[in-house]
Amino acid sequence: MKIERYLPAPALSLILLITWLLMVSSLSFGQILLGLILALGIPLITRRFWLPLPRIKHPIKLAFFVLRVLGDIVVANIQVSLLIWSPKRAPHPGFIEYPLHVQDRLAITLLANTITMTPGTVSTNISLDKSSLLIHALDMSDEQALIRDIYERYERPIKEIFEC
Amino acid sequence: MSQHLLILPILLPMLTALALLLSGQTSTSFQRLASIAATGALVILGALLLYRAGSGDISAYALGNWQAPYGIVLVLDRLSALMVALTAVLAFGCVLFASAGDDTRGSNFHAIFQLQLMGLNGAFLTGDMFNLFVFFEILLLASYALLMHGGGKARIGAGLHYVVLNLVGSALFLVALGVLYGATGTLNMADMGRRIAMLSADKSALASAGALLLIVVFSLKAAILPLYFWLPSTYASAPAPVAALFAIMTKVGLYAILRVNTLVFAESPALVFIEAWLWWGGLATILFGGIGVLAARDMRTLVAYLVLVSVGTLMSASGMGHVASVSALIFYLVHTTLIAGALFLLAELVGMQRGKAGTRLVRARKLRQPTLLGGMFMIAAVAVAGIPPLAGALGKLLLMQAADETQRLMLWPLLLLAGLAALVALSRAGSVLFWASYKGEPSGPVANRRQLSGATWLLVSAPLLVLLASPVSHYTDATAEQLFNPQQFTETLLPPLVPLAKEPLAKTSRTEATRTKAPLIDTSSLTNYSKAVSSDIATAKQPALAHTAASVTGDKR
Amino acid sequence: MSLLWIPLLTLAGTLVPVLTETLGRRRSTLATMALPLLALLIVLTHTSALFSGDVISMQVGWLPQLGLDLAFRLDGLTLLFALLILGIGCLILFYAGYYLSPQEKDSRFFSFMLLFMTAMIGIVMADNLLLLWLFWELTSLLSFLLIGFWSHRSDARRGARMALTVTSAGGLALLAGILLIGNIVGSFAMQDVLAAGDQLRGSSYYPLIVTLVLLGAFTKSAQFPFHFWLPHAMAAPTPVSAYLHSSTMVKAGIFLLARLHPALGDTSLWAISLTMVGLATLVYGAWFALLQRDLKGILAFSTVSHLGLVVLLLGLGSPLAIVAALFHILNHALFKAALFMSAGVIDHETGTRDIRRLGGLWTLMPLTGTLTLLAGAAMAGIPPFNGFLSKEMLLTEAVTTQLFGGLSVVIPLLVLIGASLSVAYSLRLIYGVFFAPRSPKDNALKESATGENEEETSIQAHDPPKGMYLPGMGLAVLCLLVGLFPMTLAAPLINSASLAVQGLHTPVFHFALWHGLNLPLMMSLIAIGLGVLLLWRHSRLSAVASLLTPKDATMIFERATIRIVKAALWVTLRLENGSLQRYQALLLLSAIGMTALGLSRLGLLTGDAGLQPVDGLAILGAIVMIFGAVSSALAHRWRLVSLLMLSVVGLMVSLTFVRFSAPDLAFTQLSVEVASMILLILALFFLPQRPPRWVSPRRLMRDIILATAFGLIIAALNYAVLTRETLSIANFFLEQSVPGGGGTNVVNVILVDFRGFDTLGEITVLTLAGLGTYKLLNRLRLFKPSGNLEGIRWSRHRYPLILEVVAQLILPLALLVSVYIFLRGHNEPGGGFIAGLITAVALLLQYMARGYEWTSNRLPISYPVVAVIGLLIAVTTGLGSWVFGYPFLTSSFGYFDIPLIGKTELATALLFDIGVYLAVVGATLMILVNLGSITTIHRPTLKASQQNAPAEGKK
Amino acid sequence: MSLPFIAEALVSLLLVLGGLFAFTGSLGMLQFEDFFMRLHGPTKGTTLGIGCVLIASMVYFTLYQREPHMQELLITLFLFITAPVTGHMLAKTGLHMHLRFITSTRGSLPELLDEDVGQNRVARPGRPKRPSGVKSRKRQLLKSRGR
Amino acid sequence: MLIIALWISLTLIVLAMAINVYRLAKGPDIPDRLLALDTMYVNAIALIVIVGLWLNTKTYFEAAILIAMLGFISTMAICRYLLRGDIIE
Amino acid sequence: MELLFSLVTGVLSASGIYLLLRGRTFPVIVGLTLLSYAVNLFLFSMGGLHTNAAAVIGASEAPADPLPQALVLTAIVIGFAMTAFIVILAIRARAELGNDHVDGKQGDEGEQSK
């Protein structure tokens, strides 16, 4: 309880400390101390701005997920580049309504961002009731396959990471 | 404390403002008391400064203990002391008046009022060009805020013009400053002055361009002919105590012109053009201001145009450019500032009691206090129109006397005609406001004691200046003398002139430095400059203030 | 020194009526008279000396720079006038005590009268021309107040204004003349000026001086064609007319002519001007006096005429003529004051001053009648009254003068006509009021009646109380006595006055009723005869006159005034058409013109420092910038586009700063850019976005030319400076930054140390802007569109989910970054200002993402307080140096070895920077959040305690 | 192969790749025919491209110059968080503003009309005709929803 | 090698920015222009980094951080404006 | 380079002035902002145009003149304060006067319907 009070978000604090050290690009004692102070202090100041976020239950899965997304980003870029560089091939863009399974805000955000960053898709709208996500695909052949693909590659891992 | 005297006129209002802002809006009476007390203290400070400057010494205050020309210095000479004192006296009347109720028509009146005073005092005291810009901005922004105090259509409309024009003015100010810096490499006024005197013809022409542009900017603030159009509606629509305080605002522009003309551009070839601009612009302002006086259909507008006439008078006097005219103009300036302030306050009192008609020059209901207000109006009108026996007449006489043979030809008729126009308009206004009232019982509010004392405080200046005409004009004479002897200024303020070093970055390195980590350096020039600089540094950072103050004021002689 | 007491006593007298107000009218009046009487006594003690031609003077320095001294003199001329002013003044005061109705505010009236008396005394005693002028103008002013005393009457107000305008205009001309005199003589002291006659007459300015001085004198003394104000001044209470407009003020002009006679007189210009104007006035005034119906009107025009007579005499200029002039001044004052008093009595008793409604009063008011008869006879110039004596002298002089050469005969002829008219109106006055049968049946008369009560008021008419007729009676008797014993009663006085005016030229003269049967006597008789004839045929005369009468001078004056005011209004409105564009154009034109003037002196625009080569990146950057700026201007009708283009320019400006080695500027520009962007978007929402109508091509052309010219000037200036080597004080900062300021980032050290005072001012400006906007937003109500310009309704996603989440993530990161930027500021690019803006913008993102209410609930901070605390920290840091005896803002820093951490620098500048940080955060949020909140229910409004003030915006 | 050389090679590669990706991203903005398609390039390509350049800089300073410099990582992280949000919000704005998309676009968005995006679209002032540069694509007439 | 890579990279980034400017000018719709502006901001980051490498200095690096953060926020502000009109409600 | 730089400040200020002369408050504000960009660049350039010469001791061996930079920094901040004020003033004027014309009237001289 007490720790919660003074360390409301350990993950955030850690991120902040790392960020600080990255920023100052130094590992001197003074900087670490300062970083610690900030890492503890800033969450205390900003906690009032947090809406409840889910805890990351499986950090390792998260790591895998991140790696996969990074890989997908590279792939996505190559794909899009090909599309861009070969004007002969006319793409078939399309809108898809993707039914959302996760309901947590962070999870939805993560999913939407992932979709945007990965092959040929951009999330364009989250419905008011958070039931579906509208996606614009640059080159779409099979709507259902795409939905399935997204679910399997991204949404399910996200569900697992946050256990929601 | 006495060694910090110079900065007190800036810090006192600032700290007062901060205290007022922190205390919140809890107690109006506390705010008023604090504001009045602080302004009263400023009056005392002003007197102390006058006393100090009266000795003829120039004192300086090196902020951050960085000596001129490197740091910013505040400089007290006769003129700046007079302006600070004048501001304080004017402000005291205004704040008294405002404390009767005008201050609660919007938020934070007193705090902004104090910041306005801070800006004004800073502008009068600073010896640094860029710092002058900063204080100009403070006083302008404060004036914008004060102008909008209480809101209303007319104010907003006039305010928009005022703000936009001044913003353009500020942009031009920066351009002018830039050119002057580019030509002289310094920002301290005295330093700039002595460097301008030594510039090559080429750079001197460049400095001239900056100087002329700067004068345009100051002329905008001072409101002379092609640039005065913002003034009538702005002054006429401002809340009374603010309009009264604004009487000093045009004088800031004039002050700046006087300062740069005598200290910075005294040796510049541009001075001829500057003086011609001021002279003709001033004359034209008298002419059109006088026409506006005749045309005014509202007492506030009338007073605003009277301010314009006085501005024109002062400007043309500054364009005459000799000791006598400057002395006369300073005398006139003191008088006209205070009386214009008094008139704005009076207009409000009169308007208040006339119901719907307000200050418009139409028949209206009877005044509550016709004798009292009428008497006060009479005094103010006589003073402002330049009719004996009050100070306006003396000021005008001094100015007319100061004009030389050829200047007379233009100045006298204009001045006399403008005086006549003022007289005609004021007599008409007075007879409409105080005499031509409808039958029936007066029903307006009685003027508050604070309002009356505020107006009286300013009004008393008119007879007082007559009684003290001799000492005052002695002071203004000495002031003008001092202004025209910038050597004293320069000698007390600055170390002996060292030739400025070349830019450390040599020409070749400019182009080559793009790729290599270590750009080429012309070592010879580097050593030169470090030598030159180190000799400067030796005098720059003084060990302690006691020494600073003493060395600059030149001790008691 | 006793001289000073004379004006001082009368001045002190102004207080008496106020102080004695409670004692009752009678006692108050008597008390008021006491001090002037004392002053008169002092004057009289000097008579013996003055009769022998001495001049007594005194002087106190006042404003030596101006040549203005408090100098008074007493000589014969002064004595003559002082006796009139004080003597007649006292009688009139006494009379006024009875004249004014009990309910009138007499204390003010008497105060004004005494003040006026002081001013008059000042004029005649002044031994300095400037001092004389001061008093001169004062009399104009007081006459304004006295004429307008019955301010509820429109004729009184008009008359007062007219008198003031005319006499002040003259006064201003006089001032110019006096200044010219002073300039030539080198002094304003009277004896110097009077002694410098030859010098003045020899000066090339002489004609101008004479013109100016005469303008002053003629307007004051109501000479043709400036006479018209005087009849209108009759709206004043009768004591005022008696005092100001017969015996004193109107004589000031004549006094001046007499006074300056030694200095300016004795030239043909002087003589001819005075003679012609005097003659014209004499005849003109007399003619119109005869045609007047109003008693006071008759007296006013007769005054004009008599003043003309005196001017004529002064113009003729022979020693005897001047003696005659001085004598007539005395005579006229005596009989005219008496006549005015009687007119006042008649008005008072009958309620009317219309001569056609009056008549037959002799039986009812015998004493008044006697008084009028005596004084009227004097005015008509009938022997044995004093008026006869001076008129005889005039006729003598007129006959003998050779001024106009062959045409000189015109003068006696015109004088004769004037004298006849004078007889006629005098007799008409006496006859019409006291002896003529009354004709109440006259309808036309009733219509034009001036009196309020139309009823037969004269039935109750009777002689007034003693106090009211005694003063007049005294004067009338004096007229007779002077006529009978001129050598005893008048000669010494006139002699000494003449000594003062013409010194050694003063002739030996002999006043007598009988000089033998000579031409002047014949003319006198003819005049009397003609006068009677004119009176007899008066009704026919008026009919003819009404045809001949030119347009009323009043109307001309009034119309001219109105026309001038209208013209002034027209000019003013044309000039100030309320168009900001025009005002800006003028400002820009001035700036362009003046700068071009400076630049034109530059031999070659390109300086000797030469040019650096251009690289492709720079060219591309320049193109983008130019593109952004131009399209922002062209797209001004599509505001969002214009804004986006502006944003491009902003970005490019920051990149330019990077390109040219100004990291701090780049950072600042970037962070300010965002804040401005948000600000402008808020503005976009609240300002109508419909494109304005198209502008005329001419206007467009003007704007484009102006803009181009300005751009060219700026570019030329910039180029000129850039191609010249700048030798600046910069090296000092580079050298001193580390040892003196303790920081390696010189720009930051300048900001917080070398020029920390600027920075203090800068954050004050920022805070002030916040406070100012708070004022503007107070109780602002705005129309809030429900959809965009194209009619699309706003999205229903108030707070887009994804933005919410990201905002939440960014906040801690942004705070971290701002701490980082803040801490490195002193040594590397960064600092409190940039850090403050980052914090502010990050918090703004919260407001954008989560809304005002949600965010402010979690951030219950008053932004003004934050800003103020920031300012306070900065100031306090500055003040801290006082403790150590250093000036404000003196910085101090040191390197400390802290265990485990190592060498660390601690600087007061950092503290100062914290102040900057807080001020920036507070002020920025104060501005933007307040603006954002006006569409919410949390709009800024004044607190309830302040709402008792009347609703704003009414003014 | 010394460390500096490897580092240099890596840096050079990353730089060129970064430049290529960034350019490609912007090129997409040029090539595609409707807003939603143009959106894809910058959100992905540019982000990755800039990421590469940033990493290149990090590697350069840390390995090549031996001065640890890690801020690049921070920026990259930041960009990867914000870029998709920007893309998403822009797309949402595009939808909201009823931007036209090419006729070949598949799928439909019926229920969005009422709920999530703006409605009541009024007739727009005439807009300039899209230049039909490539003849072969003439068939792909632009269509717009909600009319 | 590094110089050549820098050259190539710089040229590409500059070209990318030129395309952004083109799109900014052409539109046709506000979101297009906004996208162009945002992309330009991001490309500016690369520009600063590359110039930093070129000049071998880290002095200007923080400008990249600021652009990343502030560019995002200003784009969000405009999006909000287009979506809701009122950006703080 | 100098010529190019001057050209840019010139065009920026000309565009700013053109906008300033429009009759509506919004373009005027944009114009003022553009003008202040131009002025800031102008003032900044008074210290000369230097490449890789940041005025940070140690970072560059021949630092540029830091003084104009400090001045411009102050000018930027003041400019921001002024922009903020005038934006809000324009909004207030819109509320009080009922339109966004700088003279508080609909239409103006020179403006005509197309």
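Note that the chains take the letters A, B, C, D, E and F in the order they are written out, and that residue 1 is the start of every chain.
Note that a residue touches a chain if its C-beta (ideal position, glycine included) is under 8 Å from a C-beta of that chain, and two chains touch if they have at least 3 such contacts.
Chain identities (UniProt): A = Na+/H+ antiporter subunit E; B = Monovalent cation/H+ antiporter subunit D; C = Monovalent cation/H+ antiporter subunit A; D = Na+/H+ antiporter subunit G; E = K+/H+ antiporter subunit F; F = Na+/H+ antiporter subunit C.
The structure presented is a predicted model; accordingly, all values stated were derived computationally and were not measured.
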{"item": "Chain at maximum distance from chain D, centres defined as averaged CA atoms", "value": "C"}
{"item": "Comparison of B-C and D-E by number of C-beta pairs in contact, larger one", "value": "B-C"}
{"item": "Identity of the chain that, by mean CA position, is farthest from chain A", "value": "C"}
{"item": "Distance from the mean Cα position of chain D to that of chain C, given in whole angstrom", "value": "70"}
{"item": "CA centroid of chain D to CA centroid of chain F, Å", "value": "31"}
{"item": "Approximate Å spacing (C-alpha centroids) for the pair chain B, chain F", "value": "26"}
{"item": "Whole-Å gap between the CA centroids of chain A and chain F", "value": "40"}
{"item": "Where chain C touches two or more other chains, by residue", "value": "578, 580, 584, 588, 612-613, 615, 659, 663, 682, 684, 714, 717, 721, 726, 728-730, 733-734, 754-755, 758, 761-762, 765, 768-769, 772, 776, 787-788, 794-797, 800, 802-803, 806, 810, 813, 817, 828-829, 928, 931, 953"}
{"item": "Chain E residues counted as touching two or more neighbouring chains", "value": "10, 17, 30, 34, 55-56, 59-60, 62, 65, 69, 76, 82-83"}
{"item": "Multi-partner residues of chain A (at least 2 other chains)", "value": "19, 23, 112-113, 128"}
{"item": "Chain D residues within the chain A interface of the complex", "value": "20-21, 24, 27-28, 31-32, 34, 36-37, 39-41, 43-45, 47-48, 67-71, 73-74, 80-81, 83-85, 87-88, 91-92, 94-95, 101-102, 104-109, 111-112, 115-117, 134, 137, 140"}
{"item": "Interface residues, chain E side, partner chain C - complex", "value": "10, 14, 17-18, 21, 24-25, 27, 30, 33-34, 37, 40-41, 44, 47-48, 51, 59-60, 62-63, 65-67, 69-71, 73-74, 76-78, 80-89"}
{"item": "Footprint of chain C on chain A - complex, ascending", "value": "12, 16, 19-20, 23-24, 28-30, 33, 38, 42-43, 45-46, 48-51, 53, 105-106, 108-109, 112-113, 126, 128, 130"}
{"item": "Touching residues (chain side chain F, partner chain B) in the complex", "value": "20, 25, 28, 32, 35-36, 39-40, 42-43, 45-46, 48-53, 60-65, 67-68, 71, 74-75, 78, 81-82, 85-86, 89-90, 92-93, 96-97, 102-104"}
{"item": "Residues of chain E that touch chain D when the two form their complex", "value": "1-2, 4-6, 8-13, 15-17, 19-20, 22-23, 28-32, 34-36, 38-39, 42-43, 45-46, 49-50, 52-53, 56, 58, 61-62, 64-65, 68-69, 72, 75-76, 79, 82-83"}
